[in-house]
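The structures considered in this document are given below.
One chain, chain A, appears in both complexes that follow, with chain B as partner in the first and chain C in the second.
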Partner chain A sequence: MSTATRSLPRTIGAHAVLLTYTVIALFPVIIVIMNSFKSRAGIFGAPLTPPTPKTFDLIGYTTVIGQGDFIHYFQNSLVVTVASLFFVLLFGAMAAFALSEYRFRGNSLMGLYLALGIMIPIRLGTVAILQLMVASGLVNTLTALILVYTAQGLPLAVFILSEFMKQVSDDLKNAGRIDGLSEYTIFFRLVLPLVRPSMATVAVFTMIPIWNDLWFPLILAPSEETKTVTLGAQLFLGQFVTNWNAILAALSLAIMPVLILYVIFSRQLIRGITSGAVK
Partner chain B sequence: MGALNIENVKKAFGQVEVLKGINLEVTDGEFVVFVGPSGCGKSTLLRVIAGLEDSTSGRVVIDGADVSATPPAKRGIAMVFQTYALYPHLTVKNNMGLGLKQAGTPAAEIDRRIGIASSMLSLEPYLARRPAELSGGQRQRVAIGRAVVREPKLFLFDEPLSNLDAALRVNTRLEIAQLHRRLKATMIYVTHDQVEAMTLADKIVVLNAGKIEQIGGPMELYNAPANEFVAGFIGSPKMNFVDGARLGETAKTIGVRPEHLTVDAKSGAWKGTVVHAEHLGADTNLYLDCEKAGLITVRIFGVYNAEPGATLYATPDPAKTYRFGADGKVLK
Partner chain C sequence: MAAAPKRPFRWHIVVFLAPAVLVYTAIMILPLAGTLQLSLFRNIDQAQVFVGFENFRRLFGDPNWSVNFWNALRNNVWFFIIHMIVQNPIGVLLAALLSSPRLRFSAFYRTAIFVPTILSFVIVGFAWKLILSPLWGVAPNLMDLVGLKSLFTPWLGKEEYALTTLSLISVWQFVGIPMMLIYAALLSIPEEVIEAAECDGITGMSQFWKIKLPLILPSIGIISILTFVGNFNAFDLIYTAQGALAGPNYSTDILGTFLYRAFFGFQLQVGDPNMGAAIATMMFLIILGGVCVYLFLVQTRLRRYQF
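And then the complex of A and B:
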């Protein structure tokens, strides 16, 4: 910004608003992380203070790590998230390409149908989904979760990606056709690299609800073998006694993988959000 | 090698008819330019020839073979696009070689052809670069090179100069003309710019609203336009059209090109006031508001000093005045 368009009071005002928002947004996360490093007495005595030498305690983390299965829960979560993400991006992009590239009867109706899922929460169909999974013998498998999450993520992916695919130059695709590239090669080699930023946007929006979901793991895959991290953390939540140290530690650990994936995607994400606005 | 026949090609998008029955014959080695205003169907026609768009009815015949059902890659054509359409992830060399590679051409042959094309277009220093590292003019040369290496029967150009700046446009136009002379290949070139059409073409096809208005050589179109549309489209500044009734003529419209009018300060056919004068050095464009003829443009070669508000008399050259009937056609 040039000095001509910048005024000091306005800059201060903008920063104040943004900082306040950041503090509000980060507050719960920081409380969780802070308290995960404190002893039980420390958590209840002064929940808002950072750990002091007196209250510092790693008991939560040792409980979580000691509870051998937790690594396994992490693995489950990671498998489910990454696999669902992969299928959402693959099928979403392919559907978006077909909708934006080919003229066929019912094209816009099909687009509307595919986007309908954005407006209707998939949880409304939980009973039917459970019956389906029981009938097909998929209860207590990660496959069940991956299938459900893929279905859940697809509408938004198709909706966002088809908008971006429309912006890819027709000339480029036609040049590929004249050079004898197949439609698949055109899609994977020419179009996908160009919509990478929007893919990252979709990836982030898809990934976070999947990682954090408690509902479907609880209903479709509650067995010890297939528990995800969010479900696993419930282990420490008893009807009469709750192990807060362990829960907070488990939640803090659960933030890490999403944070890492987010950092990977975020550079692309910013380009995805601003592209179209600039240039 | 490279004759093209278009037989009664029609194309409709839903209810909208974009091409209303096009018949055209292009002989081997010809440089044919499709010209017309935006939305006249010239690009659609080119895409039908390329096979990127299916025609609703009619046949496209290249070298005697009906290619209406042949995919673009098998038609023996190459196309240069307005937006260059280079593959962003490939180097210049691979951009040019991709089509041949897909067709299974041996690597040595690909290298040989790329060598010839890149020296022809002076692209040798850039072969290892990616399109993002090239300027606009260089990118369009790569796109032309990509067409050249395919050694096609038919070159198709879709407004290749529209994205270039004015100076570069003239240079690239020259290069395309030289390329045609050198390769002696059949070329079809789409543009909305009548200057490009006049300077490049052996044969110009003027299209309007999905129909061919006239086919002919540049000078033929300039000197003997078939109708009002062609007369107004070819030539710059545009031909002046005057209502015949106002001049006491039997023809519906009288047309006279700005360069076929002379002006005089004292006497002449049409008395008018100077509205605006454009001084270009080599010539001067005067806009005159005439009592009888309305607003007309006069092009005078060289410098001519006229202030807005001055009174001038314009006289059309009777030998170069066109008379159009009520249907827009030229009256003989």
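And then the complex of A and C:
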């Protein structure tokens, strides 16, 4: 577009709108984090000002760390997320490779079957999933959550990864075949390293809903031993309704790891979305 | 999955496909089918007995169930309408602004506006509950700054406002998704199309309405169906902000919370897996209906505009 068509007022207008929305988007997060570092009087007296030396207080954080078993919940969430992510990526990539590389009867039917799960949420099968988990003795284990999240993440992973695997050059794979590499070696040694960027995109898309999910931990694994951080925070917040210091501190503790990870990976995530991976 | 003729059976295809297909079938497809099947049974004397559509008749006809069901469905439709008329236009507007060339700080805006989307419902629900709480005074204080303090009421606590407020909170959380998808679509419009438009003297706003908007309609279609599926499957935000009873007085009850109560029971009512399955079946049919409408109607009509 030529510079002539861009006028100064329009640029200022665009910035004004975007800045306003940025403030709306960040305001609640900032206000919660800001107030978590204040004393009770500071929280209620001047909620909109940053903590001053007079109102600075870590009482909320000491309460949360003293009361809740947050480190343990955090570990559970980490185990569930990492394990599900590993299986989604491994199984998803394998299936995507089979669908995009080989021509066999039922190929597109299989692709369609696997893509069903993108549109139909796994939550609707909860009643039977719970029965299945009760029957197999997996209730209140992290395994149950890992299985469910693996199934939940697979459809989108297969869909996105097979789009990318179609772009891997055939010559490369055929060169490998002529050199006598097995199909498995071609997949693990040649193709997987080449699709690593798209794997990262899938990883981010898969990770966020798993880490944030409340429904399945609530239903499949509500015991003290297996609580995830989302469920733990939910119950903790329910118990401490009147202790504002503790609530604000707990919220901040729940926000910060996600926020830090997001700042690190945001470029990857945004590139993933804008590269047209999700059509 | 038979091998092609005159070729040895290609076991590696089976090996590559098996783990994904097995997990997906066992944990997702079979339970889904199982749930649909359960909705046709009742537990009578410790045994599952086939009762046909009896559960659905209760869901639609028995006042104990139907009042709540229709209420939840109505609320859910309203929840969806708010998303469609607020979230998507804001998303399109932000994306259109972000995609203007040589805009400074666009990476910063993009990153910042997407922040709420990555937070969990628990955080979002509680943070807003605190902010809107009349006890704390953040919202009244802010409204005082612009002289609107008299308009403040505890929105989440009033029957007539609670659902709309929650819908807007959900919009606030998810506006990043339409923004990103539309932004991607706008970036992928070929330079030649824009140049041709400029040669014909179409610039600025009219360029957006006449050239760009028709080209991003397929993305808007995808966003609509994603919103539809997400909304009719929502649960977490309502549960976090208002509890399983979706108060005040069920005014924020949607199908997800209704399913949860029916399945698990609450207060004095015992949980009923069969009725839970019936509600899940209804949600399945609604979502399936939406997806079909999208696939057969919208998609075929919109495809004309694609390159």
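As a working rule, the second predicted complex is superposed on the first by the 212 of 279 C-alpha atoms of A that agree within 3 Å, B and C clash if a C-alpha of one lies under 4 Å from a C-alpha of the other, contacts with A are read in each partner's own complex, and residues count from 1 in each chain.
The working rule: contacts are C-beta pairs under 8 Å (C-beta built on N, C-alpha and C of every residue); 3 or more make two chains touch, one makes a residue touch a chain.
Source: prediction; values computed, not measured.
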Which of chain B and chain C A:T230 touches, first, second, both or neither: second
First, second, both or neither for A:V82, with chain B first and chain C second: neither
Partner chain in contact with A:S266 - chain B first, chain C second, else both or neither: second
Contacts of A:V258 with chain B and chain C, given as first, second, both or neither: second
Superposition-derived comparison: chain B or chain C, residues of chain A touched: C
Which of chain B and chain C A:T11 touches, first, second, both or neither: second
Contacts of A:A98 with chain B and chain C, given as first, second, both or neither: second
Partner chain in contact with A:R123 - chain B first, chain C second, else both or neither: second
Footprint overlap on chain A, where chain B in one structure and chain C in the other make contact: none
Residue ranges of chain C in contact with chain A within the complex: 1-4, 10, 12-13, 15-17, 19-21, 23-24, 26-35, 38, 90, 93-94, 97-98, 100-105, 108-116, 118-124, 126-128, 130-131, 136-138, 141-142, 172, 175-176, 180-181, 183-184, 187-188, 194, 198, 203-204, 222, 225, 229, 233, 235-236, 239-240, 256, 259, 263-264, 273, 276-277, 280-281, 283-284, 287-288, 291
Chain A residues touching chain C - in the complex, by the definition given at the top: 1-2, 5-6, 10-11, 14-15, 17-19, 21-22, 24-26, 28-29, 31-32, 43-44, 47-48, 87, 90-92, 94-95, 97-99, 102-106, 110, 113-114, 116-117, 119-132, 147-148, 150-152, 154-155, 158, 182-184, 187, 208, 211-215, 219, 230, 233-234, 237, 244, 247-248, 251, 254-255, 258-259, 262-263, 266, 269-270, 273-276, 278-279
Complex interface listing, chain B residues touching chain A: 47, 50, 52, 71-74, 77-79, 81-89, 98-99, 102-103, 146, 158
Touching residues (chain side chain A, partner chain B) in the complex: 169, 171-172, 174-181, 189-190, 193-194
